[in-house]
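Okay, got some structures for you below.
Shared between the two complexes below is chain A, which pairs with chain B and chain C, respectively.
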Partner chain A sequence: MSPRPGFVLEVDRSTPATLIWHGEGFRLERLPVGTRVVYGPEPLPPLADPDLAIRHALDNPLGDSKPLQALLFPGMRLTIAFDDISLPLPPMRAPDVRQRVIEAVLDLAADAGVDDVVLIAALALHRRMTDPELRHALGDRVFEAFAPHGLLMQHDAEDRSNLVDLGVTDHGEDVEINRRAAESDLLIYVNINLSAMDGGHKSVATGLASYKSIKHHHNVRTMLNSRSFMDIRHSELHSSNWRMGRFIAESGVKLFQIETTLNTDTFPKELGFLQKREWEWSLKDRASFLATSSALGRTPGGLSRKIFHSVYAPHDLTSVQAGAVEAVHEATLANLFRQQLVEVSGQTDVLTMGLPYIGPYNVNSTMNPILVACLGLGYFFNLYRGKPLVREGGVVIISHPTPWEFNPVHHPSYIDFFEQVLAETTDMFEIEAKYEESFATDPWYVHLYRTSYAYHGVHPLYMWYWCAHALAHLGRVIVVGGDRAAVRRLGFSPASTLEDALELAEDVVGRDPTITHLRVPPLLMAEVT
Partner chain B sequence: MKALKFERNVPRFAAARVASAVAGSGKGVRVGPLALVELDPVEIPGPGWVRVRPRLAGICGSDLATLDGRSSRYFEHIVSFPFIPGHEVVGDVEGGTLDGRRAVIEPVLGCEARGIDPPCAGCAAGRKGSCERIAFGHLRPGLQTGYCRDTGGGWSTGLVAHESQLHAVPDDFSDEAAVMVEPAACAVHAALASDITGGERVVVLGAGTLGLCVIAALRALCLPGALVAVAKHPNQRELARDLGADQVVKPGEHKRAARRLSGSLALESDNGVIERLTGGVDLVVDCVGSSGSLEQCLEVVRPGGRIVLVGMPGVVRLDLAPLWQREIELRGAYAYGSEDRPEGPRSTFQLALELVREARLERLVSARYPLERYEEAVAHAAAAGCRGAVKIVFDMRKGGSGPGTPSTSAGRPNAASTTKEAK
Partner chain C sequence: MTRRVRGAAALGREGLRFLAEKPTRPGGLLAPLPKHKLGVDYDTSWARRYPVRLARAVVLDDITRPIARVVLSPRVIGLEHLDPVQGPMILAANHASHLDTGLLLSSLPVALRHHTIVAAAADYFFDRHWKAAFWSFGLGAIPMERSKVNRRSADLAAGLVNDGWSLIIFPEGGRTADGWGREFKGGASYLAKRCGVPVIPVHIRGTRAVLAKSSSRFRPGATEIRLGDALIAREHEDARKFAARIEQAVAALADEAESDWWSARRRAAAGTTPPFRGPEASPWRREWALPDSARKDQRATREHRKRQPWSRDD
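On to the complex of A and B.
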């Protein structure tokens, strides 16, 4: 039986309660009658033989690229860059798709007699990956072959000696990327395209770039003009990356792009109820829900975080395409939308969303308040094509505990941004003008980014900018069940219950508003007409 | 006359110490050696002395330490019992050149007030706070009015002051503004004693009356490159910002704030918590004076930097290794006298009068109490920060401190929450 497409349910009196994520927990909530609940399509069936599909993609490239085999030759410098820990979400069970693809590429390289091969984790301004994380993404064979010899690197956006300034685009954007990648005879980039934002020219232009380069598109103006940044044709974030990507190609960097899509099989069997429609829960699903909720209720916060972060997704490969960047990315998006797109008719006054325990920047870490804002208003709000799910001046209601809690190893500059900057102002333009440079160049943050496992100093500001479009669009943001002080620090309104939040929302949007609940995860993308 | 008299009574002193230790600051007053009494007027000690009828007199942190039995034994030889506390005083002068006028008292009892001539080196140089004769001359020991048996103190309806101690209050000054002149003078002296060169990065620890006045003084008289205030309570944070702090953080956030401000590196624990900075800010002004605050100063000051201690300390327990290894200068800042200014020597009190006017420091006066309600007044002063208040004063004016007394609002939208009228 083929998977069912996504759909929009209208809640009536017989509709069972809806599962709503709440950080490291979830609950069942009866939504008001008339609420629309947006469900994504069921997981697509996986490719029958992923390794064969990968090999086929490498041999049959899209666009004007030659097959990979034809691009490899003895004595060449080959660099393979790959997406970092931020993808996929949750991390997928082994073998990770990066491992499959890179093993296939290395087999071809070995056959061609290529012996100067370097792997680079394309961190951009993200934290470095730990050895276990790298080992999980690449598999034992690849890790053991490269890491001990110093051939498994992590992009360092602050290593001046290993960056090369390629010049400036016709829009005045500095293009500065990893020297090894730029000076290789061939750069291969291995993507996991979890959302429509990922991949394309953004892979190299962001993943292997420096702050000097990234700041041209990770800024408030760009974010306000990306509607949404999940829709590359209406995203200034992507336009800038595309200009840079083309400039990189014109500068002589030869790139072979590999992109992959995964299905939305997000949780293992024991948590399978999390991705099933509630009225289809079996007795076993109900029992699992009750047992899990009850266990989580009794588990201390730190332990439940550990439990959740040890969950590996059973994601399966649904497509792989390789070759020229733009042709590849077109095909990728088609495959991605096949899995994620849901048609939604008309906007809503109030959009509700339950945020899970994980986002791109807190894998094996804490979802701090800034990341809560970013996940809700940056990512979930932007999961649309056409028009936002919520109307201009509408309200977003987020369910998340939003603890005033940070991982000081991963997010040191987040603490300072939250304690010292957001205490002064939440205005993005003011923050950008007054604080960005000092956060980006702070020697301690630079030190921790380069030598520890810290996100770059400027990263929390970028995550705040990520919310720009939503905040400019919305009349109010309400957080249900969050730490009240933390929620207020973000400039949002706290509420104890969804009912209270809906009452607060009525102050902004009027009585009897239309309500839509975004049932994510699993990931979806709304085509709002 | 009515006065709050502080006796030398060891059992009561001990009881106050225990009560304040157990129940918190201000709670020792009920069992301590302070009592409201009727006294004969204080005798005029000699020529140049006049009577002053206090109008308002503030309750200071050092007063609270005394009432709590927490003050250092260091002071034993430079006070004389019994004394009437109160050294932040505005009152009506009776006699002398300021007869009939309001004046604030510069309370240090230096050589001139003690009839000592020639004066000591400190007084001769205009540094009255450094007087070497505060236990000598024709007065009994007492570093200030309010700690000397022979002068009386502000917590009464009458005291005596030497004319050299008096500064006329401008007619357009409210009593509330005038009573802030003494703490403002402490702050002015501290700011100027900190020797800030333009652009230096400064942290001020503590945002009670003294801390807030120091922030205002630093902003008005020095050119700090950046000024971070560490303030515990919301009202203090708002005032600190309004008085000139560039950034206001909560206690516990000081290390991160100083690190970011100075661009310092940091040494961390395994789980990423900052243990201490490798650099730090140029100057820390400690307006608390406790072991904890001094420790915090040492955590955030750069090698070769300075700590200015303004809050009155007692016995502290402190690891001085960083002071030694980082060649940090620890400097006290006490009282007032004459300050070197570009235009020439200026009286600290005159500079303070200007600061009070400029920064509208009268808004820091949050509540007024009659002497009869001294227990409540002291309790309020001891809990001022958490009760949204700053300066608590005794009000000896006729008809004062009751309903209808003009409010001393901070002039801010939420001033109602910060100004409490004693009823």
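On to the complex of A and C.
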């Protein structure tokens, strides 16, 4: 049976309670009658033979690219860049799609007699991946063949000797990317398109770029003009990346892009109820819910985090396309929307969302308050095409514990940003003008980024900018069940229960507001008309 | 307004209730497709495995048959018509009561009844798991779509007949509501033609008086099962014409049951067999014209008839 499409449910008296994520936990909550709940489409069936599909994509490229085999020759310099730990979410069970694709590429390279091959994790300003994370993403075979010889690298946006300044776009944007990638005879980028913002020219122009380059599109103005950044045709973030990507191509960097899409099979069978519609929960699902939620309630925070971060998603490959960047990305987006798009008619006064334990920047880590804001207002709020799900001046209600808690290894600059900067102001333009430079160039943060597993010093500011469009659009943000001090530090309103939050929201949007609940994960994208 | 149903740690009584109660379905959604395959999609193959067949044989021989003998006092006429038939056959009978199937099955010769399956209405006998399992086991029933042509049910029945199973089928597609017969549908004749097997016309008399349709009253009484000559589809005879011929044969058996073999035989030859489907008249006149054996309440009828000087019995 083909998977059922996504849909909007209007809650009535017989609608069972809705599952609402709450960080490293979840609960069932009866939503007010009349609330709309947006459910994503069911997972698409996987490709029957993913390895064959990958090989087919490499042999039949899209756009004006030649087949990969024809681009490989003995004595060439070949660089294979790949997406980092931030994709997919949750990390997928082995074999990771990057492993499959890179093994297929390496098979062809070996046949063509290519000796000089380097793999680069396209980190941008993200933290470095640990060896086990790299091994999981690439598989034992690739990891053991490249890592011991220093041929498995992680992009370092602060390594001046390994960056090359290609010039400036016609919009005055500096384009500075990884030297090895730029000076190779062929750069192959292996991407996972989990959401519509991933991939395309953004892969290289952001993933392999330096702070000097990235700051041209990761800034408040760009974010305010990206409506949304999940819709590349209306995203200034993407326009800038596209200009840079074309400039990189004009500079002589030869790129062969390989993009993949995954289905939304997000949780393993034991947690299958998390992606089932509540009225279809079987006895087993209800028992699993009870057992899991009561066990989590009795588990210390650190342990439940460990348990959740050890969950691997049973994602399956739904498409793979290779060749010229823009043609490839068009096809990728079509496949992505086939899986994620849900039509929603009209905006809402109040948008509610339960945030899960994981976002792109806290894999195997803590979701600190800034990342909570980023996931809710940056990512979930932007999961739309057309108009935002919530009307201008409306309210977003987030459910998350929002602990005043940081991972000092992964997020050192987040601590200072939260403790010092947000204590003083939450105004993005002020923060950008007054603090960005110092966070970006702080030698200690740079040192930790380069040698430890820390996100770049400027990263917390970018995550705050990520919320710019939402904060400019909304009348109020309310966090249910969050650490009250942390929530207030973000400039949001705390509430103990969803009922309290809805009462608070009425102060902004008036009595009897329309309410829409975004039932994510599994990931979806709302086409709001 | 919102109500938190249960937090992370809710167990106990509320948890048990949550477990026990199946979630209700939002009103605005269409009814779900059945999760378990029922109706024509129900898989009955398990009921034809040897251990199940053995258990069914024990139930049929040691429970159903003795009870039928006591409660329905069946008189079986025409078993000799089965002798010339080599291999599987289709037994096409009129249908007046739920008792018909068990009665007919338990009245067949031992070798035949243990190798006979029953075509049962998919929408009635296979609409619940327990019902489907019960009838599959008890009667070796297979689901048959009666409201429309269904390839799956036809293929299943044909496959089993080709495998050597004889089949009991009620071509009227359901029990009679008023005691008169209904038009025979083409299922039995189609299967007979498709599989190249003979059809044995069967007339069952008296079961309506014991347990009629839409009646919960059970009143033991005498029954009669009359089997006719095997019918084989003629060359170029389509299923519809063959069905009409089967219906005519059952009508002749009904006539025989009400009179005698010779009279019925002569009427059949002259084409004057009383209509199986009753007169084309208003309901009360159809009721009036019913023979006693087809009535719901024979005792009441007999008393009623005593007061009717023009009654056929008099």
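Just so we're on the same page, the second predicted complex is superposed on the first by the 529 of 529 C-alpha atoms of A that agree within 3 Å, B and C clash if a C-alpha of one lies under 4 Å from a C-alpha of the other, contacts with A are read in each partner's own complex, and residues count from 1 in each chain.
The rule we apply is simple: a residue touches a chain if its C-beta (ideal position, glycine included) is under 8 Å from a C-beta of that chain, and two chains touch if they have at least 3 such contacts.
In this text the structure is predicted, and so the values were computed from the model without any measurement.
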| item | value |
| --- | --- |
| Superposition on chain A - do chain B and chain C clash or fit | fit |
| Touched partner set for A:408, first chain B, second chain C, both or neither | first |
| Residue contacts on chain A - larger count, chain B or chain C | C |
| Touching partner for A:321 - first (chain B), second (chain C), both, neither | neither |
| Chain B versus chain C as contact partner of A:283, first or second or both or neither | second |
| First (chain B), second (chain C), both or neither touched by A:499 | second |
| Where the C-alpha centre of chain A sits as vertex, the angle toward chain B and chain C in the overlay (nearest 10 degrees) | 130 |
| Chain B versus chain C as contact partner of A:419, first or second or both or neither | first |
| First (chain B), second (chain C), both or neither touched by A:447 | first |
| Superposition-derived minimum Cα distance between chain C and chain B (Å) | 30 |
| Footprint of chain A on chain B - complex, ascending | 247-250, 253, 256-257, 259-260, 263-266, 268, 271-274 |
| Chain A contact footprint on chain C (complex, rising order) | 1-11, 15, 18-19, 22-29, 32 |
| Touch list for chain A against partner chain B, complex | 407-410, 412, 415-416, 419-420, 423-424, 438, 442-444, 447, 452 |
| Complex contacts: residues of chain A adjacent to chain C | 9-17, 25, 27-32, 278-281, 283, 286-287, 290, 293-294, 296-298, 497-499, 502 |
